[in-house]
Every structure is written in C-alpha cells, then in structure tokens.
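The two complexes that follow have chain A in common; it is paired with chain B in the first and with chain C in the second.
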Partner chain A sequence: MDRQLNNAFTIFLSLLVEAIPFLLLGVLLSGLLLIFVDERRLTSMMPRHPILGALVGSCFGFLFPVCECGNVPVARRLLIQGVPIPVAVGFLLAAPTINPIVIWSTWVAFKQQPEIVWLRVIFSLLIATIIGCVFSVQKDPRPILQKLVAKSIPDRAEKNLESDSQPMLLQSGTFLLGEGNSPIPMDESLLSSAVKKTRGQKLRLLLDNTIQELRELGAVLVLGSAVAALIQVAAPRDLILSLGQDPVSSIVAMLVLGGVISICSTVDSFFALSFASVFTSGSLLAFLVFGPMVDIKGIGLMLSVFRPKAIIYLFALAALLTLLLTLIFNLHFS
Partner chain B sequence: MAIALIVVLCLLIGISIWGGDRTAPRVREFTWQDKQIGAEDTAFILTFSRPMEQSSVVANLKIQPLLPGKISWAGRTMAYTLLKPAPYGSKYNVNLEKAYEKFAGSRGQQKGNALAPFSGTFRVRDRAFVYIGVEGEEKGRLILYNLTQQRNGSQQPKTILTPPNFVVADFKPYPQGDRILFSAAEWTDNKPGVFKQQLYTVTTGLNPQSPGAESQVTPTSPGKIDLLLDSKDYQNMRFDLSADGQTIVVQRLNRQNLSQFGLWVLRPNTKTPPTPLGDQPGGDFLIQSDGQSVAIAQEQGVAILPLVPGEKPLDFLPGFGLVLNFARDGSAAMVKFNADSTRSLFVDNNQGVRQEVFRTQGSILDAKFDPTVSTLYCLLTELQVLKGEDGDDEYQEQPYLAAIDLKTRKLKPLLLLPQQRDIHMSVSPDGLALMFDQPIASTVPTQDNTLTTSDGQAIGTSRLWFLALTPSKLESDAPLEPEELPLPGFRPRWLP
Partner chain C sequence: MLDILAIAAWGILFLKYWLTGKLALLIHPNYFGLVVVTGSVLLVMAAIQGIQLVRSRRQRASKKRAIPIDPAEMQHITLFPPGWASALLLITAIVGLIITPQVFASQTAIDRGITESAISTRYQPKSFRSTIPPEARSLIDWVRTLNANPEPDAYTGQKARIQGFVIHAPELSGRYLLLSRFVLTCCAADAYPVGLPVKLDRDRQAYKPDTWLEVEGRMITETLNGKRQLTVEATALKPIPEPKNPYDY
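After this line comes the complex of A and B, so read on.
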C-alpha cells in the first residue's frame, strides 16, 4: 500500500512538473491575447464557415505552440474574445499536435516510419475539423460553456448581425450623436478602443491576468494530476497493455493508455516509440492522435471551459473517430 | 447531430472489424537490396512493417550461398552482422518465407498473419587489384586487373588506367574502388635528381553501388584523370589517403627553401587549398583509421599529429620506428627498435592495450592486419650467419612471409621469399588472398626510361605472386604454394 502511494505521488509530481511550464506558457499567451490583440479585429478575421473555421483553428498551433496543458487557457481566451466555436474547438483538439515542436519531435522519434508522422498530423486535423463542425451546429455557444465563460462572451457577434439587418435608430441603447453621419452605439467596443492603456498598465494587466489564471487553472491541474496518478496506480500500464495486441484490441489498449497516461504531447512520441516493437502502427498512431486531445489530468481544465455534457460528446467523438481512422489504417494499409 | 455521428461511427467501426484484416506483414526495407557491398559493410538490416515473431524469422531466413552471421533485434528491425567479410565477387540471395507476426491475427488464428514472402539480392564487389606495369607499353602505367571478370569471361579483365607518357611512382585506391589516387611524373622528367611528381586521381570504371549511397546511373569510364596537386613550388614526396577517402596527407619540400619540409593536408572535397601541418619533419607516415590524425616516424620515436594545422601533437611513442598498418577498428601494428639491436613488432588494440607480438634479430619489413583483426601477416627477414670463403662471418637476411595469430601470439612462417629487400604485399579486403611482388634487378645501367624500386635500384622486370589464404590451407602443416600471375608488374594492391 505504502509503495503504491509512493508510486502515485511520484507520478503526480512528474505530471505536474511536466505540465506546469506549459500551463504557464498557455496562460501567458492568453494574457498577451487579452492585452495586445484587438478582439474585434481577431473575430472579424475568423472565417464564419464551420469547416474553414475549424481548419483555421486547428492550424493555430503554429502560432501558439502549446501542448495539451497550455491550450485550454488559450482556447478559453479565444472563446471569451468571441471567436467562433469551431475555431476554438479545432484549436483545443489539434493545437497540441499541429505545432512545430510536436511535429519535429515525432519526426525525430519515427524517422524510420515517416507515415506515422504525417498520418498523426492528417488524422489530428481531420478529427479536430469534424468535431469543430459538429459543434458549429450550436450557433450560440453559451449553453455548452461554463457559466463564468459564457457570461464573459460579448454579444457583439449577435449585435453585428442585428445591426446589418436593422436600421440604427430601431436599436436600443445609448448612442453618441454628431460624430460623423450616423449615431455611434456606446458599448464595450467603443470603450475598449477609446481607452488607450500605457505600456506599464498593459504589463500590470498581463501580470494580474497571468497570476489569476494560473491560480485558477493551476489548482485544477493539481487536482487533475492527482486523479491521473491515482488511476495509473490503480490500473497499471501492464493491465492496460494486456487488453490485447492484435490489430483491433491494440488500438483500444493504446487509446485507453493515451487517455490515462496524461503525457505531454511534446514528448509522447518517444514514449510511443518504446512500444513500437510490440504494438501495431495503427495503435501507436491512436495513442499519438488521441492522447493530446484527451487526457485525465486535463479534464479538470476542460471543465473550466465546457459543461460536462459537451465534454462527453467531445471525448466520445474524438475516441470513435481515432478508432475508426486507425482501424482502417491497421486493417488495410499497414 | 453529435449523437447521430456517434451512431454512424459505431456502425462504420463495426463494418471495418467485420471486414477483417486485409494486410500481411512485409519487409519494409532491406538495406542491401541490389547493392554492392565491400568489406566495410558488416551488417544488413531488415525492417518489418509489424512486430514479428522473432524465432520464426530466425528459423526461416535463408541466405544463399551460406554467409555466417549473427542476428540481433531492435523492435521491428533485425540486423544480420557478418562474422567475417563476404568473399569478393560473389552474389547472394536473401529469402524469408513462413515467418509470422508476433500477435494473433484478428480472425482468431493462433499464429499471427504470415509474412508476405520476401526475396532480396546483393553482390559483393569484384575481386580486383591494381599494379604498375613493367614491360613494353605497360611500363610505368597503372593497370587494373579484375579477377571476377576473368573468371566470368564476361569482359576484358585487364584495363590500363594511365596514359603512356606518365610514369607512376605510387598509388592508393579510394575506399569504394571507383578511383585511385596516384603520384606520377612525365617520362621526360624521369631523371635522377628531378622530382616532378604530381598527384592525380584516375577513375577505374567500377560502379560502387554501395549501400546508403546514391547509385550512379551510368558508371564513369575508366582512365579519366584529374590533377589534384602540382609540383611547381614544392616537390611531392610520399603521400597517404585516409580510410574514408576524404583526406590526403602529402610530404612536400619547398623548391626554393629546402628547410621547409613537412606534411601538408589536402581535402579535395571541401575545395580548401592544401595547408601545411606546421613544423613537424619526419619520415614515413600513415593516416590513422579514423582519418583524424597521422602517425609519423621522427628521430626518437613516432609522433601522432592531429590533421589540424598548428595543433600540438596528440601523442609521442618514444623508441618506436614506424607504424606499419592501421586496421579498420583502430588497431595499429608498429615496429620498435630495442637497445639490444633487436626489433619488436607491437600491436596496439582499439582498447589501448599494447602488446609485443614478435621479436627478431632480422628486420620487420611490413605487416598487414586481416579484416577480422585476428591475424597479422608480416614480411620479415631472418638474420643468417654464413661462413665466407675467407673464414669470416658473413651476415645475410632471408626474407619470409609469416602469419601471427593475435590471440595466441603464435607465429607461423608461410613462405620463404627470394633474396630481396623491396617487397610489397597486399592482403585482400576479404582476407582470402595475399599478393606480393618480386622485382628483378636490371643488368643494364640505369637510363631515363628505367623504373626503379623505392631504394633506387633499376627494375628489369617484376613478377606478381598470388597466395590463397583459405582457413584450411592456413591450418594445415603443408607448405603454401604461391601462384605466379602471368602479369609482369610490381606494387600490387587489392581494390577495397
């Protein structure tokens, strides 16, 4: 019992040590997005088409190279700034894989099997885009988001739609007259553009935001890591690996392992490489695609953004799509 | 929408599983496929598409003709390491059938899916050597003789590589046998006291097709000559080529300032001009097998110099006369002059252990490692004391060829050689044959068109001898019978 607790504590600490720097990076990126990126310009640049939006979101990893611990704060910030939901979901699922660091480390580990590298990228993009499209059916994202996040989302998107179809005079609210030919609505957007902050204020805001988000998400990460460590001790790797090693059961085993092991996507290819001699290529691919999208220690972080029902759909769809794609690869091409 | 997609996905997964496994494990890569290997290629690698049942692969892997080796695994890759170099000029087939993958197939069979039958081929380079001709139109010219082509009868085995106006002094083949580095002067400059040897390369016309290298689509024709180093300001004396063929070290003497005498480094591939190594005079030298340093005989011993200009010597071996040979694994054979006027043959192995393997009152002329570094072939002389006509003792050195077993340090004389000092021997890269020459002094006085040995004696003609070194012959007590080749020439050297 003592030994198991010891093991659990070691795993817990190693997960934390591995994840905290990336969470910090994600939180910093989130702060930078808040302060230095004009949200109106950001949202206006985002494609409205669900497929295109999800694809663009998936490729955001190249701009924000974060692993699965750092992508949640960034995705949350994107949602709060009014970015369409397919973009945010695409980013959340694909950014941990579709980024230069992870592609490079996968290439280093799997030079002998280059198809693993490009199939990891293609499958991740495909799955993130499909799930992004599924979530785009929800026009108003607020019902699937946690209350705190939902409250912070500006109504601008809807207002913009309304303002296109409705004459300015028929809209309610406070307006400024005498500036140009048409009345200007006095809302948050006017406020943010009117009040220019000095550099010192911006840095102060960045620091405040970083500390606040780190406290909030860091606590969740600690809890998530503790749960992941306990599960790994209770259901050790050997048990998961003994699920099977034929073309079908090996994929299931590696999907479960990918979810439980909670290893950072920047190094998971080397972990997977150690199984290359005993597992099918499809199952390694399943581990490399599904692991970064879903892991136990990240569930807490995800819960800070989405409501549980949305997370269940997200996980189920990601798992089934990964299983299908890697199964086709194992049974027909490997 | 999400629930509908989940249902569809479950259906698709079910259909996929029901359709069953349509693939068979296969060999993804065979590193020697259609390649031509040499002694430096010690292992091939088979990479499988899936984890394999290793015992089924080991039991069913067939290499024909037989080529002993040992198998090791790293994941899905299997390495087959040869126990000794494959005999040159042979062709091999690698077949693997009836091996199966590590895990049971999806259809519930006990064994995994069977491997898609694999068949591969590779060849070993032609058995060929190069020598300097001595008679008629071959005189002073570099000649390539391909024993494999002679055996097959497919092509003319003999190719003269250099033009008639060149008299070749020395040469070293490049590691893949596609080119030869040589020093030569024009016949018109072949006079005593005139040193106009320049360094050239010449193509042999052999296509290396080595594993890991891009194959040449059309092999270059033999006899294409490039000048590497002229002799305008400096006389070029001795030279050596590194084992990787990237570095050349030349001993040069300034024509204007005779005190400027030393080693120069040439790296023709990097296009950097020749650079002097600094003030390190000396005699015979040899580049180490790693191509990073050179061992040079100096007054009191052998200095090991890095091949970087201006750097300090790496080591100094006091009392040693010269380094005779470096093996591919870094082992070295060296001669030491002892205080009691005997000479010792020392071997430094690659773990840094130095051992005296032989001591003689005669001379140690040359030594060459066999490719497995288990035997050292030596050219030695035995000091014989004869009674002269006037009753005084006369000393005579009797040359002989011997093999020293490096494990037991036991010397086995192989062959008595005729009375001569200037002998060149070469051990074939597969260790199965040895060649040596027998220059016969000229009776006519030295003229401008006379070839000379390295100690300046005029060569009338020269014979080439071939000695088979098959293990059965080496182990038997019966004397070895060398075979005289019908090729008048000297300085024979096997192509690597």
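After this line comes the complex of A and C, so read on.
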C-alpha cells in the first residue's frame, strides 16, 4: 500500500513536472495573441465556401494557439463578428489540437510512435472539416446560437456583406491608414481592440491573464494527473488489460475518459502516455482527438454560444467520427 | 496573494528538483532545460506580481488609484470557487517539496510486466549500434540487440557484464533471478521495465529484491516457462550502490 502510494505520487509529480512547462508556454502564447493581435482584420478575410471555410477555421489554431479552454471565447468572438459557421465550428473543434505547442508536446510524449502524432492532426482536421460542412447546411446561424450571440450577429453580418460588395473608397465613415496599404475603417472594432493601450498596460494584462489561466488550467491538470496516477497504480491490471487490449472497448473507454477528463490539450498527450503500454494505439488516438473537442467543463462554456440541440449534434458527430476513424486504424493498421 | 505563493512554490519546486538531481527520477534528461526555464519564469512572474501587489497596496494607502483592468478582457473561465485553484496548486507544490519522489522498485516492475523482448512494438531503435563489444553492452543494449535479432543461440558464449536491480520473478525457479532496469522515454508515467534472466549457482534468496548488482558471466540459452530465452550464466555477482540515475533511456 505504502509502495503503491509512493509510486502514484512519483507518477503524479512526473506528469506535472513534464506538463507544466508546456502549459505555461501555451498560456503565454494565447495571452500574447489575445492582447496583441487584432483578430477582426483576420475575420474579414475568411472564405465563404463551406469546406474551405471549415479547413481554414481548423488551421486557425496556428494563429491562436489556445487549448480547449481558450477556444470557446475566441470562437464566440469570431461568430459575433460575422464569421461563417463552418469557420467557427472548424476552429472550435480543431484549434485545440492543430497548434504548434500541442503538436510539439504530443511529439515529446509519443516520439516512439510518430504515427500517433500525425494521425492526431489528420483526424482532428478531418473531423472538424466534416462537422463544419454539416453545420454549413444551416445557412442562417441564428437559430442554433444562443439568443445573446444571435442578436449581435445580424447587423454585423449585413455590414460584412455590404463591405464585400462595395469598394472601400465608396464606404462612408472614418478610415485609418495603417500598416499595409488598405485603409482600416475607424469603427468600434478598432476602438475596442488593443490599439488604445500602452505597452506597460499590455504587459500587465498579459501577466495577469497568464497567472489566471495558469491557476485554472494548472488546477485541472493537478486533478487530471492525480486521476491518471491513481488509475495506473490502483486499477486492477487484469481489468485494464482486458479493456485496453480489445480494439473496440479500448476506444470506447478512452472516448469516455476523453470526455470526462478536462485536461488541457497542450498536456493531454502526457496523460495518454501513461496508458500507452496497455491501451491500443487507436484508443490513445481517440482520446487525443476527441478529448480536446469535448469535455465536461467545456459544456457550460459551449452553452454560452450554441443552443443545447446544436451542442448535442456537435458532440455526437465528433464521437462517432472519432470512433469510426480510430476503429479503422485499430483494425487495419496496427 | 495565494496565486503568487502558488506560482512561486512551483518555481522553487522545479529548481529544487533540478539542483538536488531528483529531476532524473521524474523525467527524461532531454527536458531538464525546459523545467529549469519554466521554474525561473515562474519565479520571475511571482516576483513581478508580488512587487505590483505591494505597490498597488501602497498606492491605495496613499489614495492614488491604480489603473483598473477590465475583467471581461481576460475571457478566462473559472471552474473552481475563488481561491480553490490556487490553494490546490499551492498544496500540491508544498507536498512535492516535503515528500521526495521514490524510484520504482521490483514489485512495480512485476506489476507492470517485465519485457524481455516485447518492447519491440514500442521501441524503434534509433541509435542502435551493433558494434559494441558484448562485454561492454549495458542491460538495455542487450535487450535492444535481442530485439534486432531475437535468436538466443546467436549470442551463446558471449561475455556479459551488466548492471541492474534484482527481481524475484514469481514465474522463475529459485535458481534464477531477473536483472532489470526501468526505461524512460518521457517521464516516470511511461517508465517500463526491461530485464534479462540470470542463472545462479545458489538460491536467489542470497540476493534480496531491489538490490543493485553487477553481474559478470556468459550468455547461454535456457528454456524458461516453455520459452527459449537468452540468459546470463553468472560467474561473478557484485553488489553496487544504486546509481544516481536509476533509469536508462
């Protein structure tokens, strides 16, 4: 008993020591972008085509390296600014995985199985794009969004259409000539963004933001690592083996775990790693792909954007697609 | 305030593990640098935030107002009641500072299942050098060599000198012990044991589990549990102190 507790504690600490540097990096970067990048300019460049839009939205993670805790607010801002639904959904589902820090930490954890690293990226992209396309069937996003979000869309969306059809010079209003050659309309989008702050204030904001996120995500990480360590030490090995070696049950178990464990995507690969010796590769992939898309603590946050029905569709589709892809992998490639 | 303490405590913990060499018990040496930088950054962050806290208190005392920051701009979510998250982090760091992590022992190896050659699925040798003379091969080198060429007879008669800790594997008879080491690819969470059976000229009770030994001998093929296995026939066994870094990579 004593030995097991000690082992659990060692595993627990080793997970934390390995994961916290990546957590800090992720939090710092997402804070930097939140404060220093004007995403409104980016949103005006989004493609309207559903497949392309979903794909572009999925790859947005490279610009906003947020994990699943940071992506809902960003997706919400994108939607409010009139970004097409496929882009927003693609971003929501894939951004926590398709970003440089997550890919790096996954590679650190699974250096011995590089296929896990790239399949994680490919599967996430694929699933996010497919679901983005499914949601693009809904031309008017307002019915699936929460009232508050929906209400702030209409005039902006129309304005967007207007500016698409009308050359900049013919529009009325105040403009700024910034970097680059295109004039920036001087409206609320500029006033509310980072422009008006001094550098010192920005740095303070960054530090405050980093500490707050580190606190929240760090606490989740502590709990997640404790669960991982306890399962590894205390769960009967026979049970784990019988569950983890079967191609189907291992995936289902990992899907459930991925949904329940709200560990941040920058560090979830270390969590998965602690199961690597007993669970099928497909099930580890399922955890790594599905976990960042869906988790219990994120539901409350998602509800601030979508109506419940839309969220159920989103989760169900993501779960089924993950199951399908990883099952194919388990049965045919490993 | 609690935040600052928690962050500082983690910074101290990281640097303490590094300075006392305990980091080797937890993670792969490739990531030591990452931990050291993180520890320093955390300490700097805590220091800046601490200075600011003191300053803003002073300002408040002198009736000057600090520039307020709009909380909506942070866009972060709170999952825990206020104070809980920082308290949890602080407590974890303090426990970490008090309790020293332990090296895994033989019982853990038995629990995790010792692999003699099955690690081939997990380990794809990158720096495989078959040019190492047999007597210079470490235990891990032997297991890797065995992965490349699993036929035990190929090694018969070769000299061996390996170090590891003793496991009394229940499936082996009293004349055999398993000399073993943990291999780490990332951190202790994925440490897995590898080992080779050692044939003794006496009962294995002479060598307690978890003692570290240097075994010299000759390679032979034995049939253990119905499986032909590469085995070291020991000619000399010498107890050695536990290495500073008990894992291999």
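Keep this in mind: the second predicted complex is superposed on the first by the 198 of 334 C-alpha atoms of A that agree within 3 Å, B and C clash if a C-alpha of one lies under 4 Å from a C-alpha of the other, contacts with A are read in each partner's own complex, and residues count from 1 in each chain.
As a working rule, contacts are C-beta pairs under 8 Å (C-beta built on N, C-alpha and C of every residue); 3 or more make two chains touch, one makes a residue touch a chain.
Given the structure is predicted, the values throughout are model-derived calculations rather than measurements.
Asker: Just to be sure I read the superposition right, which of the two partners does A:Val121 touch: chain B = first, chain C = second, or both, or neither?
Answerer: A:Val121: touches no partner chain.
Asker: Applying the document's definition of touch, where does A:Gln112 land relative to chain B and chain C: first, second, both, or neither?
Answerer: A:Gln112 contacts both chain B and chain C.
Asker: Which partner does A:Cys264 reach: the first (chain B), the second (chain C), both, or neither?
Answerer: Touch partners of A:Cys264: none, neither chain B nor chain C.
Asker: Quick one: classify A:Gln212 as touching chain B (first), chain C (second), both or neither.
Answerer: A:Gln212: touches chain C, not chain B.
Asker: With the two structures laid over each other on chain A, which partner does A:Asn7 touch: chain B (first), chain C (second), both, or neither?
Answerer: second
Asker: After lining up the shared chain so the two structures overlap, which partner does A:Leu16 touch, if you call chain B first and chain C second: first, second, both or neither?
Answerer: After superposing on A, A:Leu16 lies in contact with chain C but is clear of chain B.
Asker: Tell me which partner touches more residues of chain A in the superposed arrangement, chain B or chain C.
Answerer: Looking at chain B versus chain C, the one contacting more residues of chain A is C.
Asker: Which partner chains sit in contact with A:Phe333 here, chain B, chain C, both or neither? Use first/second/both/neither.
Answerer: first
Asker: Please work out whether A:Ser277 is in contact with chain B alone, chain C alone, both, or neither, and reply first, second, both or neither.
Answerer: Both partners, chain B and chain C.
Asker: Which partner does A:Tyr313 reach: the first (chain B), the second (chain C), both, or neither?
Answerer: Only chain B; A:Tyr313 stays clear of chain C.
Asker: Overlap the chain B and chain C contact sets on chain A and report the shared residues.
Answerer: The answer is residues 112, 276-277 of chain A.
Asker: If you look only at chain A, which of its residues touch chain C in the complex?
Answerer: Residues in contact with chain C: 3, 6-7, 9-11, 13-18, 20-21, 24, 34, 69-70, 72-74, 108-109, 111-113, 201, 204-205, 207-216, 218-220, 222-223, 228-229, 232, 237, 262, 270, 273-274, 276-277, 297, 300-301.
Asker: Report the residues of chain A in contact with chain B in the complex, numbered from low to high.
Answerer: So the residues of chain A touching chain B come out as 112, 130, 134, 137, 245-248, 250, 276-281, 313, 316-317, 320-321, 323-324, 327-328, 330-334.
Asker: Which residues of chain C touch chain A in the complex?
Answerer: Within the complex, chain C touches chain A at residues 3, 6-7, 10, 14, 17, 23, 25-27, 31, 34-35, 37-38, 41-42, 45, 48-49, 52, 67, 69, 73-80, 84-86, 88-89, 92, 96, 99, 101-102, 104-105, 107-108, 111-113, 122-124, 185-190, 192.
Asker: If you look only at chain B, which of its residues touch chain A in the complex?
Answerer: 1-2, 5-6, 9-10, 12-13, 16-17, 19-23, 47, 49-51, 73-77, 102-106
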